[in-house]
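Sharing a structure below in structure tokens format, with a few things to ask.
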Amino acid sequence: MSRWRWFHLLASPPYVYRLAERLAPWIGAASVLALAAGTYGGLVLAPPDYLQGEGFRIIYVHVPSAYIGLMAYVVMASAAACGFIWRIKLAHAVAACTAPVGASFTFLALFTGAVWGKPMWGTYWQWGDARLVSELVLLFLYLGFMLLRSSFDERDKGDRVAAILAAVGVVNVPIIHYSVEWWSTLHQGATMMRLDGPSITLEMLIPLLIMIGAFTLCFAWLILRRLQAEILDRERRTRWVEQLVTGGAS
Amino acid sequence: MSADPTARFAVQDLALSRGGRRLLAGLDLELTPGEVALVTGANGTGKTTLLRTLAGLSEPAAGHVTLDGIPTYRIAAGLTAPIAFQGHTDGLKRDLTVEENLQFYAAVWQCNTAAGDVIAELELGDCAHRPVRYLSAGQRRRTALGCLQMRPATVWLLDEPLTNLDARGAELVERWLSAHMARGGCSVVATHRPEALAELASVIVEL
Amino acid sequence: MSADPTARFAVQDLALSRGGRRLLAGLDLELTPGEVALVTGANGTGKTTLLRTLAGLSEPAAGHVTLDGIPTYRIAAGLTAPIAFQGHTDGLKRDLTVEENLQFYAAVWQCNTAAGDVIAELELGDCAHRPVRYLSAGQRRRTALGCLQMRPATVWLLDEPLTNLDARGAELVERWLSAHMARGGCSVVATHRPEALAELASVIVEL
Amino acid sequence: MNAYVTLFARDLKLALRRWSEFATPLIFFVIIASLFPFALSPEAAVLNQAGTGVLWISALLSSLLALDGLFRTDVDDGSMEQLILSPTSLSLLVLAKLCAHWVVSSLPLIAIAPFIALSFYMPVDALATLIVALLLATPTLSVLAAIGAALTVSLKTGGALVGLLVLPLTSPILIFGTRATDMAMNGESAAGPLYLLAALAAFSLSLGPMTAAAALRVSVE
Amino acid sequence: MNAYVTLFARDLKLALRRWSEFATPLIFFVIIASLFPFALSPEAAVLNQAGTGVLWISALLSSLLALDGLFRTDVDDGSMEQLILSPTSLSLLVLAKLCAHWVVSSLPLIAIAPFIALSFYMPVDALATLIVALLLATPTLSVLAAIGAALTVSLKTGGALVGLLVLPLTSPILIFGTRATDMAMNGESAAGPLYLLAALAAFSLSLGPMTAAAALRVSVE
């Protein structure tokens, strides 16, 4: 009984809008704190890597963003699937605002990786590497979702069609991930990207974990804020938004 | 696949919108076997949208369309097919002949009306074996209407069936509609020329 | 590009065939400025073929179509463009808005009629900035007819202009035809509803 | 079932009436294959390496290219509405269209592939594996392309967007396909990747038509 | 001339109406290029060798892909009749459509080609030649594709055969193009093939639009 009440509340735009309004500042603050702590730990406290020197510190941006990029896709696809199956407009809104965020983090992972690659491997881009290529494919999946959704003039239709694509994509992500891994090991053995197993010290690991937490919080904050904007846009013709806007003005 | 010929077609409190604009709201309509409703209204008032919604091709903004209590939107999702819809487009393959087009629909709807008989009734005898691409606009429209005979449907939804038809073609539509009613079917017809079909109509919906 | 408004349109001993079949032969027709010819006939008798031939889009099997003595087939080949043709298809781009479609034709024909005025006359004010793809069948037809005002043509060739139009739309066509005649233009109109345009007609060609 | 056969036959017939449209990808295939040696050095070793890749990429592209129009003509001329309203399940009808398309576009390609492979100095023993791999891989490619086509059918944007949506999803097929071919060329057993290809084909053939049908229903609305 | 500008602008506008349309050929190109390493072995030596081929084939495909619809939509919706009856010469209008298509589909591709080339380890010195070669070759490809499209549109089934005959004509372009690129990569002067490409471009641009226009006039009859 109460479970269904929650379900309905979460499908109600004004409720979710206000909930986000209340949560966002806290999450934002927590994310800033964690970012600060992680940055300090990563740039100051952690010792330089004995092989890679100071350059390794880019890991504190690279790994968290790679992780968020992947997680965001799952969030986006689940939201889109809920929206399609139960016809919840709000779930589509969540999917719509997750996509660009996820794409940005994926791009960040690619970018930091490329920047890192130049000193480490002597080249920005290496077609043969599994992680690189599957990350690129992930970026294409995001772009496809966004392009498809925006190609429809009727938002409703765009939401539903893109939801199908997201669902197909989420089935494929693990397949792509593993197939690429197998493919590249066939051709060139183990990838170069590997924390040196046990050799990583706690001083390096803990800031990394903090950064991952911080990025997750930051992601959540971005989603909440974008969701608010998306809700206002979608509901701009309703009474409550009108009241909200005029109330704020007077 | 035999459709119940005495079904009740009901529209309750229907609202339609396109591109965020409300086209109509609060439409009620009930058709018993043998009834024809004419839908009229100026260009752009929503006749086509209404017919597509009745067919279950799109979901209404609000309200229900039911055939014997089952929402047509679910019927279209594949349960059974007692509804025939003929829109502005003709649903014919340009590269198939008239006969092949009719036979195709007969096979899809598992109906055993002979294509030859329908072609004779349509007076398309001399183009039966010509690809539809080479037909005149009216001959195409006739072929499309011929497909109606290939579907054992209870409800006919026709969007301006008289388009491009000459006088004999219009007569034919009238004759087929009466026969359909006599069989216990019902039908909704959108038209800009209600006078041509007024005799058959039991309801006129003015949008 | 200014067209002579008082040209003479002559058809001599015209024969048409499609796919090896003779559709008509020995047609003679002469239109002086201000005259409208209605072409009627059952489906598939060759009205569309006739109009396309008059426009110079296809060559006649025999005979001549001349405008002030110049064969229209040569006119269509790019000398000048005093002929406007509106067929079963509408010639509109789905992804451009009503206004953009009209402006495009105005630019191609180098005509300076304001698109806004035509849109107002067409009563399409509220969809002027909507892509044609989202218009209803009748609204599309109106837009297509609107393009006629964007061409400084002497001869109008209209193939069933009343298709999909409501009563007000039909009135508009009549009004535009009269205005065109008053300007000294002439026109050939194929239709299945000659009664709707009979007042204007000076000749009726029965195929 | 009857409707399935009918639609299959109709699509085959339509394809044969417009055979040139379907021959185009094949010609593409031959052109690309015959052109690649110009870009590579024409040494046997290099060609041998590249041959597999060229074959697979051409197979991929030619099954994607023609598929763009798979549903579009039906939607444009109103046939799709009639199919949606028909008593047969739309998934089955989509499957019928897919099968017809596969017969027309992929089958000839598979038939011609061995000759191209030979011209790239592929060992004769490896040909059987190549054919089996293509037979297993092309259905999945067609299903993926059909889903892409269904998603974009109501958009004016044609082939390119489909490419963007579908190409990233096809990378596993390409990887397993080339892997099987390479293994066979080295005289190893290619059973592993072939089983994976078969699994993917079974998976996509069972869920793909449903997905495409759902996309079509939304698009036609 | 005015009509030329108008039609050019209209076609550009139609293409840009959705930004996705502008972006997709590009992404398509990138994706094809990034799929190739899956099919080839990802070693630098092989990729370096194959890179030129990949670039040119992708260029060919993306300029051919969209062209199929170049006239078909105009013929289907009746615009072509109106253009034929318009006071401007049809060849000029065909040229306008071609130019708009080239700007939308080939130009972005040429802009991005250097980056792809770099990722395939092409030496920086060769990039200028690559760009010049693409600038000279793509117009000819577009003209050929347009002639093919016009013939296919006009002669329904029989004429599509002619369309097929046009496709193989693209191979000289590809051969000269890859040749120029390869020579530049080896540090030689690529002037020879570049002059040939320029000559072909001049030839096809002067005669192509007329040919396509003639085919279209028949189509509408």
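Before moving on, here are some points about what is shown:
Each chain gets a letter, A, B, C, D and E, in the order it is written, and its residues are counted from 1.
Here, contacts are C-beta pairs under 8 Å (C-beta built on N, C-alpha and C of every residue); 3 or more make two chains touch, one makes a residue touch a chain.
Not measured: the values here are computed from a predicted model.
Fewest steps needed to get from subunit B to subunit E, stepping only to touching chains, is 2.
Path length between subunit A and subunit E in the chain contact graph, taken as the least number of steps between touching chains: 1.
Relative to the C-alpha centre of subunit D, the farthest chain centre belongs to C. Chain centres here are means of the Cα atoms, and by that rule the chain farthest away from subunit A is C.
Chain centres here are Cα means. That of subunit C falls 46 Å from that of subunit D.
Per-chain CA centroids place subunit A at a distance of 49 Å from subunit B.
If you average the Cα atoms of subunit A and of subunit C, the two centres end up 58 Å apart. Computed centre separation for the pair subunit D/subunit E is 24 angstrom, with centres defined by C-alpha atoms.
Shown for subunit A are the residues in touch with two or more other chains, namely 133, 140, 143, 147-148, 151, 153, 183. Residue positions of subunit E touching 2 or more other chains: 18, 20, 24, 27, 31, 38, 41. Within subunit C, contacts with two or more other chains are made by residues 88, 94-95, 134. If you check the complex, the residues on subunit E that touch subunit A are 18-20, 23-24, 27, 31, 34, 37-38, 41-43, 47, 119-120. By the touch criterion given at the top, residues 2-3, 6-7, 10, 13-14, 17-18, 76-79, 81-90, 217, 220-221 of subunit D touch subunit B in their complex. Across the complex, subunit C meets subunit B through its residues 18-19, 41-44, 46-48, 88, 127, 130, 134-139, 141-142, 160, 163-169, 192. Only residues 125-129, 133, 136, 140, 143, 147-148, 150-151, 183-184, 187-188 of subunit A touch subunit E when the two sit together in their complex.
By the touch criterion stated above, subunit C contacts subunit E in their complex at residues 1, 55-59, 76-78, 80-81, 83-85, 87-96, 100, 104-105, 107-110, 147.
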